[in-house]
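One chain, chain A, appears in both complexes that follow, with chain B as partner in the first and chain C in the second.
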Partner chain A sequence: MSETPSTTDIHDIELRSSIDRSLRHPVMFFFASGSIWLVLGILLGFIASAKKHAPEFLDCISWIDAGKVDAAHLSALVYGWGCQAAFGMIIWLMARLTRKECTASGIILVAGHLWNLIIMVGIVTILAGQGSGVTLMAFPSYIWVSLLVVYLMITLWSLVQFQVRDAGHVYVSQWYLLAGLLWFPWILGSAIFFVFASEGHPLMAAAVAAWFKSGVFLLFLLPTALASAYYLAPKVTGRPVYSYNVALFGFWALAFLGPWAGFQRLMGAPIPQFLPYAGAAAMVLILIPALAVGLNILKTIQDQKELAAQSPSLRFTTSGIVLFIIFGVLSFGLNTVPAIKMTQFSYTGYGLDILAIYGVFSLCAFGAIYFIVPRVTRREWLSSRFITWHFFLSLYAVASIVCCAIIGGIIQGQGMEDLSQPFGTMAERSSSYGWGITIAWAFLLVANFVFCLHLLLMWARLGRRSSHPTLLQNHHPESPHGPEGEIDNIGSVNA
Partner chain B sequence: MDHTRDNPLKRFTSFWLALLLVTTFAIGALILWPLSHGDVETVADLKAVDRLQVKAEVQKAQTENLNAEALAEALANAAKAPSQAPSPGSMAVPSLAPESVSAEDPAESPEPNN
Partner chain C sequence: MTFKAFILGMLATFGLPWLFAIVLPFAEMRGLESPQLDEEGEYYDPGRAERISEGSKIYGQEGCAVCHSQVVRPTYAGWDVHRGEWAGLRASPDQPDDTRRETLPSDYFDEAVAHIGEARNGPDLSNFGRRVEFYQKGKEISAEQWVYLHLYNPRGVKNYKDDQFIPAKSTCPSKRSLFDQVPLYQAGDDALALEANEEGFAVIPNDRGRRLAGYLLSLKKDTLGQPLPKDWTFTREAPKAE
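On to the complex of A and B.
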């Protein structure tokens, strides 16, 4: 710790510091506005969940009818929070890994404002009853093209950075970042074309929308989360990735299986029958990349359990990866033909969606945010207690939502299949699980309100002026985030 | 900085290459759209001639078999018949009990809000 840094080290620190400075405003804007959308999305999720088992809840306000609030909830969660958190992670990780400063932060910032404006218009339109009614594409058709254009304004610069990178090794994180960057415009463009622009059969439009819904997670949010995990696990532990070959296998397994998934949601519908079966098979086989990535990341941090407990970034990331394995296992079990038949029209699909968006993606994104924000703001997190609350409440709430939705969904499905019972019996059986989900959303709301507040304080640069990172246990012999004093050192170097 | 890989010209070309790459699908779709939506004959189109022929035959048969005079007579009789003719199995409505509330003459009832 007390060793004098060499000239190369100082140059390296200067370079990293200049990269962080170049991205400070766009990255913080994406994270902060994303966290506000997250709180809003969870609030809407709470209302939507309550309306499922208590339809009279807030029935005096027509703007938040059950159908509208459900669509607004998922849209706010995916496009308001998920995409913006992913943008912040992508532009920062790509700049750091290519070791190139961002020269277009102004354009990215303007595009970030536009993205928020468009999402706001979209959510208001849904709540006003003017949405398209397509799952996860509930914004009106004219919104989608503008979202795609703004997406390009935000992410093209990362592709340019990758192209002009210094010659050398391409990191595992960069594979995932690059794949996510290119897959998203493909799936979004296809979905816009086939759902809104094409004159094809409406049933195929519904099938394409189901494919898009699956693709947003498997082909955009998940690769971004895995890029962050593959960056943070070696970075914080100071060890290389456990196996390069397993990483390569996991990447190509996801690249091969991801685009097939989604059509299983229309099992039994009059569409070409190979499509739902191919989708179900792809979702069953998602367990393979989940195990490959999980094994690789967990093996990388295997001997650093204390570090994983201390570092907020590593703790959130590890939890996200463990939940990815659980997602793979549940996907394996719930996408077999008998299971789909039983759970197709129940809470179960919703439980898997929330596990994917919040459990896997968001926990990895929180890990990245707890790592990135101190570097771009040059301040440390104010309170380890806030982080601990955020972690445990998030984990408890997401576990409750997933358990209640999956068990309740199976019971719902059994009730629907049991033709000797009236339909109301099925609703009565699953009602208590609906209550469980609503209460879990309330816990999640508290967790993310704390997180949002903490992040906004950091954005206002009210964080601690210290070079010691905020850890979750204070009795640590040395920092898991590399040499301490790096921020102060570079400050003095620049001075 | 490695100037052989990173210079303004390289960044400029990289930008357009990236734009081309992410819009490849859209460009492909635009090219393929006219090819896939030209003179495509769907199953519905193929069956349309037969279907219209059947429809015309049915309409012709219906018109020929329609007895307009009998229909007009039936309608006139229907207009004369009581509006609530007793149907098989129907029961007479029991008469109201004398001096019950329902049996009171509305004119004798107290005015509302008095």
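On to the complex of A and C.
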């Protein structure tokens, strides 16, 4: 553990370990089952991507044919992995930050099992061709309603913890956690009501579904990831957040812009015309919170580059934050009206989605998992090599997916605008980029298979019993053979 | 920041967009009626076959919208009207009127959700039914049969327009789950004209297949032979290649 015990904070350490103990089962359950969904979601993503350029691939199995498998892929990734990783992070971070033990871990654990069951039913329904038929909300309506109920069972306790906290300073991570906790039921409830429950215009149903999909990232997964980054960066480096005011500004900028985004997917469709423009403007301006939050966190860990290289949590979190800045820049460039005109119906949107879900959210979530799991299991990670593989394969694979999708999408869009070319030529032009995406998914599958295995071993409490965290690099051993004993963990107490 | 300020801020930053971008547009769009074709009050009626909503749902469930769009964007948002015959039939000796037009809100009536589409890995389908019917007219394979053959094996059917096989180009999945294999004597008129049928068996579309094909053939977003109202027109000149 990162703290050296002294007489003054011995009570603190006891409190922290009792909080960790109270949350061990739900947190580990969310992370472990989330990582299994992650592997499954990536496998489905590989199949879905392969089918886009090689339609005969696995053609004999009709329940994973193209179209259905796309929906199953994104649903598994977002609701199986993303939401569950977020739940694990939320309940642990909120308990640590409010300094309250969790008293409802049994209920949370039961709700976690229900969540998995519902997602499983939902994915099977999609693959059986019995989904809702709404492109961005593919689960049938009863699945969404049950997810909302189970969500409340999982997160209500974190709200209660916040409410009964000891008076005092509310830390920036808590704003993000609290905001995400409140936004998610609001957007999900609205989406259920406007898409499924009430008879409206079919175009508005499509618009609300697009808004919901955008909201799941910008208003739930992203705030959770940023809460974790704001927690880990100061914690691991032992320095305060660079600027409180910039943190405040970044938070309100996201809160102000996030709820408007999503409608840009319907640019040109006959809905009230300001909606797609508002969505596009919000997505362009996302660069502002991305820069504010990103630079604030990067400034916090500046001068601690060695630490960022050694500590898995900090390395993943930093990469996630850098990718958030890149997301802001790309979103700025790709959501101007001429760019949307070109790339609206191409791979580009998918590239941005994957950058958001895997690049930004998941890397931050991995950072949090590498930090939290040793604390709740009281075991250290088994292998720094596994973590290194996971890191580099993840980073390069997600970068390849995003580059291929965005460049391929632009080429696709250019082909579409070139009216002298027949449609078929344009589809062929982008297919090599489709190959690139498929191959990158295969690498991502390997990375997360390693991660999932590592995490499951930790869940089984097979981690190292050691007081030294697993770090990624050994620096300057005094002799060529290093000192006696724990060769892997020389000279650092931080993780 | 106090908790009260936080909650008020949340209500303002989220509540306002929720109200102005979701609730009010939803209410506004809900009351929308079919546009009038002329001043005498004749309404534009898409005149689509019944059971559209079920076919539309199957279209979504099968994930067609992942690769096919259903929107003809106005020229400020894209040059869809000028791309092939996505927006309607162009003037030709068999077809005196140019019926291309942009999408209207009423084009999606009777569907639960408008399938705007995610990407255009395949062509836009706004006027798919119109195109297939027009080009399959008088050929030995009926429009309906063509759709079935395409759904069953997209790379095994000749393109309706130029009679060319499209094996290398099409990446459309074959939706075999929409078809059943039955003994020949049960097949009836809908049996697919496949060359590689198993001895004594035929392939026929099942209920889902029929509804999806019915929906696809109902995709006709031009003017149904009526002259184009003035305010629906757009620049007929295709933009010059840059």
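Here, the second predicted complex is superposed on the first by the 466 of 495 C-alpha atoms of A that agree within 3 Å, B and C clash if a C-alpha of one lies under 4 Å from a C-alpha of the other, contacts with A are read in each partner's own complex, and residues count from 1 in each chain.
Following the convention adopted for this analysis, a contact is a pair of C-beta atoms (placed from the backbone, for glycine too) under 8 Å apart; a residue touches a chain by one contact, two chains touch by 3 or more.
All figures in this text were calculated on a predicted structure; none of them were measured in a lab.
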TODO: Could you say whether A:L182 touches chain B, chain C, both of them, or neither, answering first, second, both or neither?
DONE: both
TODO: Please indicate which partner A:S190 is in contact with in the superposed arrangement: first for chain B, second for chain C, both, or neither.
DONE: both
- [ ] Pick one for A:L203: touches chain B only (first), chain C only (second), both, or neither.
- [x] second
- [ ] Pick one for A:L248: touches chain B only (first), chain C only (second), both, or neither.
- [x] second
Open item on the list: Going by the contact rule set out at the top, does A:S49 touch chain B (first), chain C (second), both, or neither?
Closed with: neither
Open item on the list: Between chain B and chain C, whom does A:L419 touch in the aligned arrangement: first, second, both, or neither?
Closed with: second
Open item on the list: So in the superposed three-chain picture, is A:S132 touching just chain B, just chain C, both, or none of them (first/second/both/neither)?
Closed with: second
- [ ] For A:S331, decide between first (touching chain B), second (touching chain C), both and neither.
- [x] neither
TODO: Could you figure out whether chain B or chain C reaches more residues of chain A?
DONE: C
Open item on the list: Taking the superposition on A as described, I'd like to know which of chain B and chain C A:K100 touches: first, second, both or neither.
Closed with: first
TODO: Share the list of chain A residues that count as touching for chain B in one structure and for chain C in the other.
DONE: 182, 186, 190, 199
- [ ] Can you check the complex and tell me which residues of chain A touch chain C?
- [x] 51-55, 59, 62-63, 65-71, 126, 129-135, 170, 175, 178-179, 182-183, 186, 190, 194-195, 198-209, 211, 219, 248, 252, 255-256, 259-260, 263, 265-272, 275, 278, 337, 340-341, 344-347, 349-350, 412, 416-420, 422-424, 427-428, 431
Open item on the list: For a test of understanding, state which residues of chain C touch chain A in their complex under the given definition.
Closed with: 1, 3, 6, 9-10, 13-14, 17-18, 21-22, 25-26, 28-30, 32, 56-67, 69, 71, 73-74, 76-80, 82-84, 102-105, 108-109, 111-123, 154-155, 166, 169-177, 208, 238-239, 241
Open item on the list: Going by the contact rule set out above, which residues of chain B touch chain A in the complex?
Closed with: 1-2, 5-7, 10-11, 14-15, 17-19, 21-23, 25-26, 29, 37
TODO: Quick one: which bits of chain A touch chain B in the complex? Just the residue numbers, please.
DONE: 100, 103, 152, 156, 159-160, 163-167, 181-182, 185-186, 189-190, 193, 199
